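Presented sequentially are two complexes of chain A, the first with chain B as partner and the second with chain C.
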Partner chain A sequence: MLKKTAIEKISELAAVLMDKGSLLAPVKEVSGHNFAEIKDPQKVDLNFYNTIISPKGAFFPHKEDFIKYKIGKPVSEAELTEVDPKPVFLFGVRPCDVKSFSIMDIHFNAAGIVDPYWSQRRKATTIFGYAYDLNQPVDPADFYNSLGIYAADPEGSDIFMVKKDKDLLLKSITPKGEEILAKLNTLIDAGKDDEKYYEETLQKGKEYKTRFLCIDQDVIAKKLEAIFHNNDFWTKVSFACLSCGACTFVCPNCYCFDICDDTMFGKGTRRRVWDACMFTDFTLEASGHNPRTQVFQRLRQKINHKYSYHVKKYGVISCVGCGRCTRSCPVNIDIYSIVEEALKA
Partner chain B sequence: MTDFKKIEENLKKEAKRLLESGEVTVVLAYGKGFDEQHPMPYATKSVADVDNIVFNEYCNYNMARYLVRYPQGTKIAIAVKAADSRAVIQLIQEEKVKRENLVLLGIPVFGMKNPKTGEVIDSKTTSGMYNPVLYDILLGDEVHGQKIVSPYDVLAQYEVLDKDARWEFWKEQFDKCIRCYACRKACPMCYCDPCFIDQNKPKWADKAPQSPGNMMYHLTRFHHLAGRCIDCGECSRACPVDIPLYLFHKKVSKECEEMFNQAAGMSIEDKPVLVNFRVEDSDKILE
Partner chain C sequence: MSENNPYIPMPVQIAKIINEVDTNDIKTFRFTFLNKEDEEKFKYTPGQFGELSIYGKGESPIGIASSPTQSGYVEFTVQRAGTIVPGLVTAALHDMDEGAQIGLRGPMGNSWPIEFLEKKNIVVVGGGFAFTTLRSLINYMLHKDNRKRFGEITVVYGARTPGLLLYKDELAEWEKRDDIKTIITVDKGDETWKGRQGFVPAVCKETAPSPQNAVAVICGPPIMIKFTLPVFFELGFSKENILTSLEMRMKCGIGKCGRCNVGSQYVCKDGPVFSLAELDQLPRDF
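Up next is the complex of A and B:
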């Protein structure tokens, strides 16, 4: 099913979606766009390249309360925090980010233990993928082509959206998407030329070139394993690294977290908070020993986790080439260049 | 306009000379990044690597940030722009580095740009100085004749706000914080190990990106930098969500300067204001 709406009427579509559940969509902030829960339909803004922070927070929020309790009271009085079962519409997700959800599913849904928070949200959410605007220049940091992803790939989306001049075309991809799309009464039926335009855009998306490096996942995994002890290589590529957590927090595929208790005035909350392997205290053990005291060890861990351990354990690279880490790095550390160097090392 | 190419050539020339003569073991400057707009901090340890050195309008990094990573006694040459030289001076005052172990390659420059916005970096987010305060070798011509704007002028829009409005302003700004700590990591003066925010005995603030934890982190950091911030603007530039941290730092610096008649990192003879006592010091704080 292909439907369409004028982009200037996007707030009407937003209002309808808000009526049916909660809507997460890009909004313009001072520093750029980010996904946020929409309270005012006028705030939805599709005039963006990509968001600063990835949409992973829709399923794996930066902070997630698990249990609220009172100190000194029995465990039976503690309250579990439940996920709101309301339908969620995640609107305007770029193809590389849509791909990241399926990689994250491995950890939260398929690696033996099912994370109820992630999986409930995944089930309740309809993903509106959104092709990159092929008339805009590619950001120099992007390299999703190297990971086999193209600018207009509908894979993984429930509904896929393509911008056609002043219109937005919406195509249902999954039965879930089809059901939702049929109910969106502000949309009008698309014509024959729209069908043609949509199909053409999917094709043209393959010609929209990001940086490209031939990355065979088994080759890079082995290579990184082979150079693990090459301290010269790692100290060189990590010299500039400040060891902050900006790259991991904007990344759609970083999933490390810390579970901590926040207690004050006799009340406590146990919650999950994003953590970063780039932080000094990430591997600090209770004894005081820290296996990764050096910056190069931490950056090496990050690259190896994504491009080596993850391949060996789950058969897929844990990176989608969205370019966020490179764009957000205060010192322009570029994971693509490091992988390129590693292959040459 | 600054001749960036000439500075780059001089940087390479001096780096080569210093490494060849064994005067230093490492040269901290700027190197190639993934494209021209994105150079990177770069440590040159051998003559063979000198060709990787670059200098252009996007080399904003304050290389003084990297000084404390080296063991005391390491002979280091470091490229310093105006604010960077102040950071080095401040680190010398705080005895984190020794003057005799450093060779300062001074870079007078006007027209540095923020690669994110393309805007020229000026007194709004930094000290707005053009010439290094302290150097051993100057790599370009001193900048003269440019308009001198007080780094505190930008505070005017903030100072008109009353106490409540300021509180609201900062509350809103800190709500954006994702606690990636890029600000403290980019800061040449944030060298505490561990940083108070990483301690858990006592735990000073909640780890989640929300107030009051965010507030605790930023306000404490602001105050730890009182009289020490050299206004390089790196914290604000590093921030992925563009919190105007420079505003608070400038405000505190201004107050310190008014009270103690001393700006941070201007002379190696100075002592940091908050560890020094002089009879003539202002009593304003007690009033």
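Up next is the complex of A and C:
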């Protein structure tokens, strides 16, 4: 099913979606766009390249409350925090970010114990993927082509959207998407030329080139294993790193978290919050021992986790080449260049 | 979502507190479950651990010190942390009295590989405070239903001083039994100490357990491990037959929070028990 709407009427579509559940969509902030829960349909803004922070927060929010309690009261009286079961529409996700969800699914939803929060949020959400605008230049930081992802790749989306001049075309990909799309009464049926344009865009998306490096996941995994103890290499590539952790916070595939207790005035919340392997106390043990006190050890951990450990454990690289870490790094560390260097080392 | 949510602790009550050492900073806590079904869910094997959870403070991963053959309760031996990093949970726990309630998550991690150990001679080597899950293993093997499943059992256990030896009553009982060889040593004795003096590696060398059909299970401070391993290599133990339990900082305990990895392995889920042969496959990042 292919439907369409004028982009200037996007707020009408937003209002319909808000009526059916909660809507997470890109909004313009001071320094760029980010996904946010929409309260005012006028705020939805599709005039963006990609968001600063990835949309992983839709399923793995920066803060996830587990339980609320009163200090000094018995443990059995604590109250569980439930995830709101209402439908969520995650609107305007770029193909590389859609791909990141399926990679995170392996960790949170399939391997060993299922994470109930991720799983529940994932089930409740309909994903509206959104092709990159092929008429705009590629951001130089992006390299998703190297990871087998294309600019107009509908895989993983429930509904896939393509911009056609002043219109937005919406195509249902999954049965879930089809059901939702049929109910969105502000949309009009697309014509034959729209069908043609949609198909052509998917094809043209393959020609929309990002930086490209031939990355065979088994080759890079083995290579990184081989140079693990090459301290000169890791010291060199991490020389400028400030250990600020920005790269991990914007990343769609970084999933490390802390579990902490937040208390005030006799009440408390146990919650998980995003954490980062770039921080010194991430691995500090009670004995005082810390296996990763040096910056190079922590950057090595991050690169290895994505390109080696994740391949060995889950059979896939934990990076989609969205370029966010490179764009947000205050000292211009570029993961693509590190991988390139590693392959040559 | 409350059903089987792995992040939500089950309520347990402190049934008994035993002060283990003369420095008063290591205590064994015996917990009973408030809900009968939780007790049934908490089926563990020696070598596993649990997350002790105190609301308002946090959680601490601690090895299970009791044996699954002891039913009705579960024990954890906990050192009060805080010399280098503030040990919020352990300090709060040490300040609690019998009857207090806390939370418990688990059991977590793999365990001592019981099937692999069956029909073999077992050499258990422990140093200081790292004896807790070894105690669990020893009590498991010594249980009347299990003893015949294992060959000879040799225990070498050392502490810095006599006052720092854990589980003193049990050690005395093991010394009386003839189906376990118990060798207790201290680095330095005091005027009341009549036992052996000497470091664990030296005592192991002297004891010289045979590598024939044997597995060594070794836990202790890094310095003890460092000097004990060469002794066992010299005795002829292969890396497949030397087991140890790793420590890393943990949070979730179920392989999700990404904190405790060594290479591609999460110590909380894929470990904490590894053979030296398995550790050789991992990068030196611990």
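By our rule, the second predicted complex is superposed on the first by the 345 of 345 C-alpha atoms of A that agree within 3 Å, B and C clash if a C-alpha of one lies under 4 Å from a C-alpha of the other, contacts with A are read in each partner's own complex, and residues count from 1 in each chain.
By our rule, a contact is a pair of C-beta atoms (placed from the backbone, for glycine too) under 8 Å apart; a residue touches a chain by one contact, two chains touch by 3 or more.
No experiment lies behind these values; they were computed from the predicted model shown.
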item: Superposed partners chain B and chain C on chain A - clash or fit; value: fit
item: A:Asp19 touches, of chain B and chain C: first, second, both or neither?; value: neither
item: Angular separation of chain B and chain C about chain A, which is computed from CA centres of the superposed model and rounded to the nearest 10 °; value: 90
item: Which superposed partner A:Asp165 touches (first chain B, second chain C, both, neither); value: neither
item: Partner chain in contact with A:Asp189 - chain B first, chain C second, else both or neither; value: neither
item: Touched partner set for A:Cys260, first chain B, second chain C, both or neither; value: both
item: First (chain B), second (chain C), both or neither touched by A:Phe282; value: second
item: Touching partner for A:Leu242 - first (chain B), second (chain C), both, neither; value: first
item: Touching partner for A:Tyr336 - first (chain B), second (chain C), both, neither; value: first
item: Touching partner for A:Ser328 - first (chain B), second (chain C), both, neither; value: first
item: Residue contacts with chain A in the superposition, chain B compared against chain C; value: C
item: Least Cα gap, in Å, left between chain B and chain C after the two complexes are fitted on chain A; value: 5
item: Residues of chain A contacting chain B in one complex and chain C in the other; value: 258, 260
item: Residues on chain B engaged by chain A in the complex (per definition of touch); value: 33-35, 37-43, 61, 65-66, 176, 178-182, 184-186, 193-194, 198, 206-210, 234, 237-242
item: Contacting residues of chain A [partner chain C, same complex]; value: 66-67, 69, 71, 74-76, 78, 80, 82-83, 107-108, 111-113, 115-116, 120, 225, 228-229, 255-261, 263, 268, 270, 272, 275, 277, 282-289, 291-292, 297, 301, 304-305, 308-310, 312-313
item: For the chain A and chain B complex, residues of the former touching the latter; value: 29-31, 52-53, 62-63, 140-141, 239-240, 242-246, 248-250, 258, 260, 262, 271, 273, 276, 279-281, 326, 328, 330-334, 336-337
item: Contact set on chain C toward chain A in their complex; value: 1-2, 4-9, 11-12, 34, 53, 55-60, 81, 83-85, 87, 90, 101-103, 222, 247-249, 251-252, 254-261, 263-265, 269, 283-286
